[in-house]
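Quick one: the structure is below, questions incoming.
Residue numbering begins at 1 within each chain, and the chains themselves are lettered A, B, C and D in the order written.
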């Protein structure tokens, strides 16, 4: 339940306002040189308080790697254990929520499932957990880098604004900030769309029939807090298309003699669940932050109607901070698939 | 790779034009009465040739259950093995494809991954495999039935037509058939959208953080051939929403005193990855069948450009036949989660 | 529960007196040439009725492979599904047991676990299941063969007789048959010891800390019906040894310049859970067949004392028929580890 | 590879002389009251330096639990993360080993597998890792305690001395200390045998066919450093027995009307892989500590012959410190099986 991946496995722990969060990344091949600074940079990028529209919580998010690396920074092949201390935890901020169920939060469902819950910051349900994923993704990124894979995500929509082409890289920072600022000033929150392009992926990654590469990517993306949809390639529009319009015609690859390419990429880089060498293109929709700075009606744990006066420190648009998380999860999926592809490689057993 | 589920696990095998397909459903609790007729009915519903716009292949799809049931039809707790013979396999139909890569098919990627492939009918990549899933879903359905869960899917969009509200159950058979007939007459294919509603799910199913119920559903749905997007609740529109508009306000449940409900269901029945007792609502977009009855340019396995003259027996709109498959996969996910919820139930260990 | 292995996974089904048993072997690399005849030969070797002291049940044990192979016998990389029909099932033979718990059998525990059981032949608990394992081991053997691995098991003890050196290959067929014949004539059964030597294993197989190669072998061997102990290398005697006596001193390998060998093999080919290139040597003790041809006291399902008049067709010494099963399970473990070692190979990621 | 268990999963990390070791215990049901003091006591019992014949390394082994518990000590149902700092790490002690392969250690095999290794204290191969297991076992013990299960292990043999009956609890501390002292004075090490009795286990735990309870126990025990054999019930002697001698005759349970017991317990509490309600009895043989205080011949990493002058701090008899580790692993297996038995319980789905 708290483990992700098959060959490269991330297992995590941590509540939002507990002493620390952390994880174990198991399955990294040995002798890969790791830059702890590069991992820290990724964490800094995800950190709250770095941009307008993100939570005012101030965490240094310093990672402490406890195992798995040699004294000179090479992976040993053993699991990489790491922790990130919670420095700016303020469980007191959440006392007012302890006996009320916040709408669109996990308060009610955790109580239903476990019969107990950490009210402070959502406990295990908090997006603080994604710091673990970013750390693990940054570690795994050293492996995908070696293979020439590049993962890049960006905001392709927020509130009323949306890029014409989700995968062109089109982004409009001014418009995005304007939408978020407007919502924030009203005490409101707003949803967003994150696109991601994975380039340099060799053909042949992914496993039929339940391990399709896009199925793994979907599971990864839908693990991210507030994610409501996943699509790749033509995506949602596929339902409106005709087969004659969206065929990715195979052609000899002009740049790489003897290899095969396609004229278009409606497939989003994956056919039959297996990568075809084209860029993998996907998009994830995130709902608005459930906590807004407006009074909301709800019920308490005794089933009585009551009002909720929100407080705490919250993002206006969680999609903003989801960008590095999308990249991290995509990196973990691709790294896992790269390792898997070695195991079953048909060129090894002759 | 060919196993789905955690507590209730389906492992399958079979190529489209091999001697048989089949599977093993492991983890079904004992002493559940199984109706083999009910399983067969589900298979009949999925079967090709039952409706306009579906493939002309004629398979009886008779299931043969080989283990796991007592002589009087009760589950023994042991794995349920089953096979479905391929009666109408015609590998010869596909000889013309043996050395050409069909656009938008898995031909090229399977060759890249395995260095070998079954040209006939796509081999393992064929949607014939989904007969296994429908059989397993029908078996698992006996367990979800016991728990009062009801799973229902329908076509909510095809080509230019789309239901106003994806989850209302709105369906327009005449319009749907018209769109498909028009495409089929032109030798073209068309995409479609399948909506699914799961009702009767108790609150508390699903596991943080990588076993979120919608993450499992997404992986399940994206395993289905031709699926391009997954969404639940507000779905893709979440990116355009404001937090103040889409809060599912908690209220005392009018019908069930002492219990809690919500005024709306933007969350789609899942909050924080755990079911909240509302109907789970999801939608999946399917691309048009890649094989069309028009000549297409492509390359052969030697990298030479060539033309493809399609033949074989194909659906015009795969979404049509995906409906029972969506139901089957949803049923498997929910049954798995129901079993899991027993294992960790907080009321058992006092 | 009914799946074994990690990269190479066997999932099985089948009751002793149901219509058929079978399995799915998933994870075999593609393009390995399979001899179905070689698989059948292995099954023939395990088959009951082939030797004195084994059950009189007559099964042809013909395997039917349903998927995963190309028309010319190459693995496709897709799961290999197979079934073995039960031709000589005689559930009627077991009617007398239907309401009695046979001592040392799984009757009572299956009833306790499942609240239902197949009385005929032990149902799922029957050693008939091991035919599936032998079939899968024979398939996996094509991969270990490619890697130069040789797996050989033999009887190293039965009743009062035991080989001086468990791993020398010493076997005394006359003595073994005499012990078994004597027990059989009395209507009794007798235990036995099976030794196994795995040669040609490259150094570096196995995974710390919970995937130690001998831990995987132990789990595999203890899965075999009637197994009561597992040991490797010095084994049980290790508890009596002094460290100065049992050190495997490293020396330059005389035959292979530049490589390292050891003077002795007390370690049994595994150090720290990882193979060191020496022969892997292990031994498994099997209890006598629980069913004997003598009346036995027991209780029935109502808790009433009663007598049991045995019938059915049973082995006198199950260890005899365990020999090919030990080989099959060892082969599955080594094949799995060979595939795993490719995935994490430190020479691939530079 | 570094994860143990199915429903209750322990994932660990840590090198012997790195900054810290630790783990994540995932799957503990919620609302179980945990005594951190009880966990610490277990760790203290395993700690080196507590008895003659154990290593002189001085570690405080203070556990720091970072998540998964409420402020008042109840499990939250979320993963329990913990770390144990390495305070007395002295990597310098091992410099002399850096370029030599110690006999019977994992130096050579880790180098073969990973192409790199931590020379200090064996790195990941060190028994220091077992502190993680003891911590996790102590946490899991709170669940087995609730179910009335009691796990107890003891030394039943060391060097020339062995208990007549491995499961009677017979122990001879004076003799044991004498054997160890004599070996230690000579700079030698000595093997030992650890017996374990698990009482209070309900009938019905364990899963056919690859999840047999004794198969899980075997895998668990063979994971412990220096373990060379596993047996349960009659164990190794089963190979010498006749079926008529070792039948556990069922009888009405005198103490618990309506329930069934057995006259003897040759089966060791498990039949057909499933517990029958009797005490589970098992024994594990441990080899002598490989490091001895005598010069040993070996080769270096360049394949040159050389002498090894041992140093560092080592146990004379690792079996001594294995006692709480055997208990911890047994507890983890039983706790896992208890949770599993809830998931598939045949009384829940009516």
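Assume a residue touches a chain if its C-beta (ideal position, glycine included) is under 8 Å from a C-beta of that chain, and two chains touch if they have at least 3 such contacts.
As the structure is a computational prediction, the values presented were derived from the model and not from experiment.
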Exercise for review: Name whichever of B-C and B-D has more C-beta pairs touching across its two chains.
Suggested key: B-C
Check your understanding: Of all chains present, which has the mean Cα position farthest from that of chain B?
Key -> D
Check your understanding: Which integer distance in Å separates the CA centroid of chain C from that of chain D?
Key -> 25
**Study point:** Interchain centroid distance [CA atoms averaged], chain B/chain D, Å
**Key:** 44
Practice item. Could you tell me the distance, in whole angstrom, between the mean C-alpha positions of chain B and chain C? Key: 38
Revision key, fill the gap. So chain B residues touching two or more other chains come to 1-3, 12, 27, 30-31, 77-78, 113-116, 124, 208, 346
Review point. For chain A, which residues count as touching chain C in their complex?
Key: 7, 27, 29-32, 77-78, 143, 146-147, 208, 339-340, 342-346, 348-350
Check your understanding: In the complex formed with chain B, which residues of chain A make contact?
Key -> 1-4, 12, 101, 103-106, 108-110, 112-116, 122, 124-125, 129, 157-160, 162, 183, 186, 188-193, 203-212, 214-216, 218-219, 221-223, 226, 228-244, 246-252, 258-260, 262, 266-268, 270-277, 285-292, 294, 296-299, 303-305, 319, 341, 346-347
Review point. Which positions of chain C touch chain B when the two form their complex?
Key: 1-3, 9, 11-15, 18-24, 26-27, 30-31, 64, 66-68, 70, 74, 76-81, 83, 113-118, 123-124
